[in-house]
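One chain, chain A, links the two complexes that follow: it is found with chain B in the first and with chain C in the second.
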Partner chain A sequence: MTATSDTRAPSGRSAYALGWLRQNIYLVLGVAIVGGFAFIAVFAEAIAPYGADEQNLLFALEGPSAAHLVGTDALGRDLLSRVLIGTRHTLTVALTSVAIAAMAGIVLGLISGFVRGWPGRIIDAAVDIALTIPMMVLAIAIAAVMGAGVVGLIVAISISFTPPIARILRGRVLEIREEDFVDAAVMVGVPAWKIMLRHVLPNASTIVVIEASLQAGQAVLVATALGFLGLGVQPPIPEWGTLLGTGREYLQAAPHIVISPGIAISLLVLGFNLLGDGLRDWLDPRIGA
Partner chain B sequence: MTDARPNTTPLVELDDVVKHFDVRLGAFGGVRGVVRAVDGVTLTIGARETLGLVGESGCGKSTVGKLIARLDQPTSGAVRLNGTDISHLPERRLRPMRRDVQMVFQDPYSSLNPRMTAGRIVEEPLLEHGIGDRAGRRESVRALFEKVGLRATLTTSYPNALSGGQRQRLGIARALALEPKLIIADEPVSALDVSVQAQVINLMERLRNETHVAFLFVSHDLAVVEHISDRVAVMYLGQIVEAAAKTDLFARPTHPYSELLMQAVPRIDRGRQRRSAPVGEVPSPLNPPPGCRYHTRCPLAEDICRRETPSLRTIAPGHAVACHVRAP
Partner chain C sequence: MRSLSTGARRFLLLAGTAAALAMVGPAMAGKDDNSLVYGQSLAITDLGPAFEAFLNYPAGYEASFILYDRLVTFDEELNFNPQLAESWEISDDQTSVTFKLRAGATFHDGTPINAEAIKANVERMMDAEINNTNRPLWDPIAGADVVDDLTVTIRTKGPYALLLNTLAHGSGAIVSPAALEANGQDSMTQNPVGSGPYKMDSFEPGQELVLVPYEGYWGGKPPLDRIVLRYIPEAATRVAALKSGSVDVIDGVPTHLIASIEEDSGLQILSGPSLRPMGFAMQTTKPPLDQKAVRQALNHAVPVDAIADKLFFGYAKPSDAPLAFNTFGYRGNERYDHDPEKAKALLAEAGYTDSDGDGMVEKDGEALSLTLLTPEGQFSSDVQITEVVANSLKAVGIDASIEKIEKGAFWDALRVPVAEASWDLGMFGFNPSNASGSYHLDSLFTSNDDNVGRPSVWNIARYQNADVDALLAEAKGTVDPDKRAMLLGDAQEIIWDEAPYIWLQVNDIVSAASADVKGVEVWPIIFTIVRDASY
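Let's look at the complex of A and B:
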């Protein structure tokens, strides 16, 4: 390093940072949106002007006003506060389900891609069958069997989101299995399970992270759809889908009730999609659109 | 030049080894054909011996290496390591024996896990075989780095920070970690820049002289093979057509195919020479010709060559040829 290049480094670095930001604008926006919602989820009580269940029947079904920025519902509860506090429920369901789906998908995908013979083939066939069923239909069916509630919702979404992760990981594992460093590990005496965890998975993790963040947006949609149908989180918990569902009854008289949870859902889904696309462009330019 | 033939139990023995690959089409497709990658190879590698295995691409020489490494199992025949047939041993029983055979790969990019540091790559074999404690392993890794000419500071680097030559040195260090009796080097320099090739060849030669490890040197580069080998085996379409001490083979190639190969080596001292041009293409191993595999291209081919497969016959001590005409 010469002195001249040292003195230039700061401006060069900031130009580089700016270029990076411009190139990864999706990622930046995605992180901002999802991060914003995460912040709201954690500090909802502090931010919300009212409690989630604070009723004031005198102000029921009122439109936006200074006291209630996005209006109130049929029981006079402040909708802004309910949407803010509801962020936690929607986000928790979506993230927990995707985390479970990712873990299950990693196990299944690794085995089906790496282990030759019947264990791989059985998993592969099961994943094939599961993939033919639309995710939403599968989730509704499982939720109906499990019964309404948070646990049923999470189980339904995790099960229906596992096959895509298993499939996408399998493809990558099949690719990595052919790399010489896997043979090299066999030669030095590394057992198969350690090869999977130490050599194959770390090289396949990027694709799982990308897929999981894209799935998180989908999970928000499925969770709120099930809530809307009454199969998800039950009232009075202010989960967004549940808010939509209860607001539907007053659609004629008080359309403002469904607008704020609707916007929140769209924005969060958008955030996760931007995050997933941005991660893909950043981490794995090969598969970029 | 001493007789390179081993006089005790050879380190590795291949006994009529056959490896066929089924060609299938689609998930439910039946077997559409059989690639006879290795078709009846008998070969020995003695302790401390460097055997060069040469042939055109697709002749099955890499498959032979993989069979000895037990990265693949033969369709039939025996692969003996120190007298034990390893061709169908379960992995659990095989693992302790794997110490004796290590491999250096052709592609220095594919052969190193990009998510592991250089030090960890060399430490892993020691770790898996429970050799040394943490401090001892670190010391061994440092010694191995020095042995292959890598700076000790590179232990914390990831492979993507290393050059092709450094990567191959790292691959050699990994192969040396378990102090094997045999190193299979599958085209170890063909992916490297010419200027680096010589360095890596010299390194392997030095290591061989220091550690007395045996080498199976698989290559299509005859100049390199001539430089490093004690003995050379020539493969054509899945079979060995000639095997002899290096000096014998290069001075008096007997099989017409060996002859053709030797003539293809450029030599400064020979000047311009008439070369017999190779006739035709290598037939597909999917449907190899009957009789002698080489008869379709051989200028000496007779009737018997089209009918009967010649077997390896010893024509001089340590010199075997499979040819009806030259070694009847």
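Let's look at the complex of A and C:
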């Protein structure tokens, strides 16, 4: 082997891979961050040094130390363990609600885009009205009615996230409806529901995937914001927003309490946003910048 | 690689802005030399002693104690001191009190305070249309008679041991009858005309009340040029404002910030014990809480000392009676010490043992599951206390879960018929605003008329004991204070032993002020009084 072989430019497959990586750096980063959190969510109990509700009032409000890497809260619970175990709750709420919102959005978007006449128009009008209400306000109102709890949180976020997905999908469906292959299917007598599922939806699915992954980041923000406002899960569940909300009281005396959940929220939201941007660039360059 | 989505961009922008904001300290304006600014935790919305009477307890009351005088007032220990009355005498049959008024006192509109004015005020407050709250305080009063210009007699319908409590209460504020005549019966709510050392200069309801000295004050010219009562809802903001010098007095100091105020030589902590004992009311008619052994076990399971020391940094004291330490009639008992083994033994006595070795107790295969109801932000550290209690109940094998509800819905969730109650243990603390232990015990422990329906007062534990009922009824009709205290003490002994509550702590009321401020009083009924403040 000569030195030249080490310095020569990567050729063929590796060059392509490197280029792809460079092109899709957002996607790679997004997958890494979200994947990391998903791993923590699954194995939280094994990773966390303490239990989520393991109290020791003798060590309350302590700063970072060897025993408690990011300190303890007002009840002497290990904050690192609470943030790690809390990943599961925040991620579950965000992903479940976005999944529900995506499914509901797909049904509404398909019908309102594809079906001419009153069913489409009614859904369209309803979505328009829902879109005029700010998402956060809608989510707070629903969560307040449902009361604190995981179910309430999921319902609130799913309902407030459905209209944007329905609206975006409808636009795409309106385009696809004008394509020749749809006309062809209609002419040979394929029933409408079959056209929607077999021909329209697969062609419109990319946009839903991208929108949903971007929304997951928003869902984390809304879920933690509701937790921060006291509308989140029931204590002693260590949901991130709740950790932030209770830590706020101690901002002056023990600022370390809010730092770790704050960083966790920021990172996860960033991860989902990068993932969404990366997916968009990768899957559908046309709707890029 | 192309542009980031607006979401990602917005995120980065926000993060940057937040970092920049964190570096900019609170820039607050200074104050005039001889004025005092009191940053209150609640907003003053109205200033009249009638028509809903000073909404937003205690903010409006704190303002009223500066604007108005009463015949008698409390001191920091809740003893009675003369104010517009120089002295008083109780009649032999204990159904009337004759007050000798201070000479030369005038209202802010210049009209004199005489027996006629007092009579008019008492009669006004007896009118349920005008004084539509505080009825239990005023209903026992029969009327007022003018004896001479500076002597007035107030009659009650029967022996009424708490007449002075009523007159010292905020609703006993004496207002100018001439101003009422001129401006209307409800004019005091925005246009107060009293006789206190300071009169109103300007008032923005919900924000700020500015007071200036009343030159004609009977006690001489007041020491300050201006008093401002300003609403600052966030506790951390209040403390920051005090530290920066933009306010001179604050109330509602969170206990974990006390140390940082004490370290500051320019500030002082003003604190005193409250009259509100905290605890968890138990559904004593539902199994398994209908068994005394289980109720006592719960009391032995909870580390109340640790809550008082660690959660409240010593600014709380573990209860040893159903009444708080400074309430009239309080009598201490032997405390339930924190002893998980004893708790387990008591649970075993009631039939609950850990038969399958999983650490949780069962009886006939059924776990002991209890739901704890807590508000968020209603009482200090309420959720955290509940988490400690639930955790310590789990430690003795009880399957404890928490139901946290919004504080606006909390009182209604506590006072529900048995069938609708979602909770087994509900956090509760009662503040006897007229400082009477008889009123306190009556409200919480007299048997309900209908013990499955909605509790008529605050017996949410559905406690029923004929002996306690008899003792409390007798205490109510007993004017002799020693005898009354004895009866209340006996009742507390029975209630304490039967443990219808998990007894927790009595918190201190903690306010703070600049070190150079003198004369600020903290009363056990949660008031911070700046009437006599000076530098």
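Note that the second predicted complex is superposed on the first by the 278 of 289 C-alpha atoms of A that agree within 3 Å, B and C clash if a C-alpha of one lies under 4 Å from a C-alpha of the other, contacts with A are read in each partner's own complex, and residues count from 1 in each chain.
One rule holds for everything that comes next: a residue touches a chain if its C-beta (ideal position, glycine included) is under 8 Å from a C-beta of that chain, and two chains touch if they have at least 3 such contacts.
Values in this document were obtained by computation on a predicted structure and should not be read as measured data.
In this overlay on chain A, chain B fits alongside chain C without clashing. Comparing chain B with chain C, more residues of chain A are touched by C.
Once the two complexes are laid over each other on the shared chain, residue contacts for A:Gln234 go to chain C alone; chain B is not touched.
Rounded in steps of 10, the angle chain B-chain A-chain C defined by Cα centres in the superposition reads 140°. By the touch criterion stated above, A:Asp183 is placed in contact with chain B alone, chain C being left untouched.
Contact with chain B, but none with chain C, is seen for A:Asn203 once the two complexes are overlaid on the shared chain.
Put simply, the nearest alpha carbons of chain B and chain C end up 25 Å apart when the two models share chain A.
According to the touch criterion, chain A has no shared surface contacted by chain B in one complex and chain C in the other.
By the touch criterion given at the top, residues 22-26, 53, 55, 57-58, 60-61, 74-76, 144, 147-148, 214, 217-218, 230-231, 234-236, 246, 248-254, 266, 269-270, 273-274, 276-277, 280-281, 288-289 of chain A touch chain C in their complex.
Residues of chain C that touch chain A in their complex: 1-5, 7-8, 11, 15, 235-236, 239-240, 254, 256-257, 259-260, 303, 306-307, 309-311, 374, 376-377, 381, 383-384, 386-388, 390-391, 401-406.
In the complex of the two chains, the chain A residues touching chain B come out as 179-181, 183-192, 194, 198-199, 202-203. Every residue of chain B that touches chain A in the complex is listed here, in rising order: 69, 71, 91, 95-96, 98-99, 101-103, 105-107, 110-116, 124-125, 128-129, 171, 174, 177-178.
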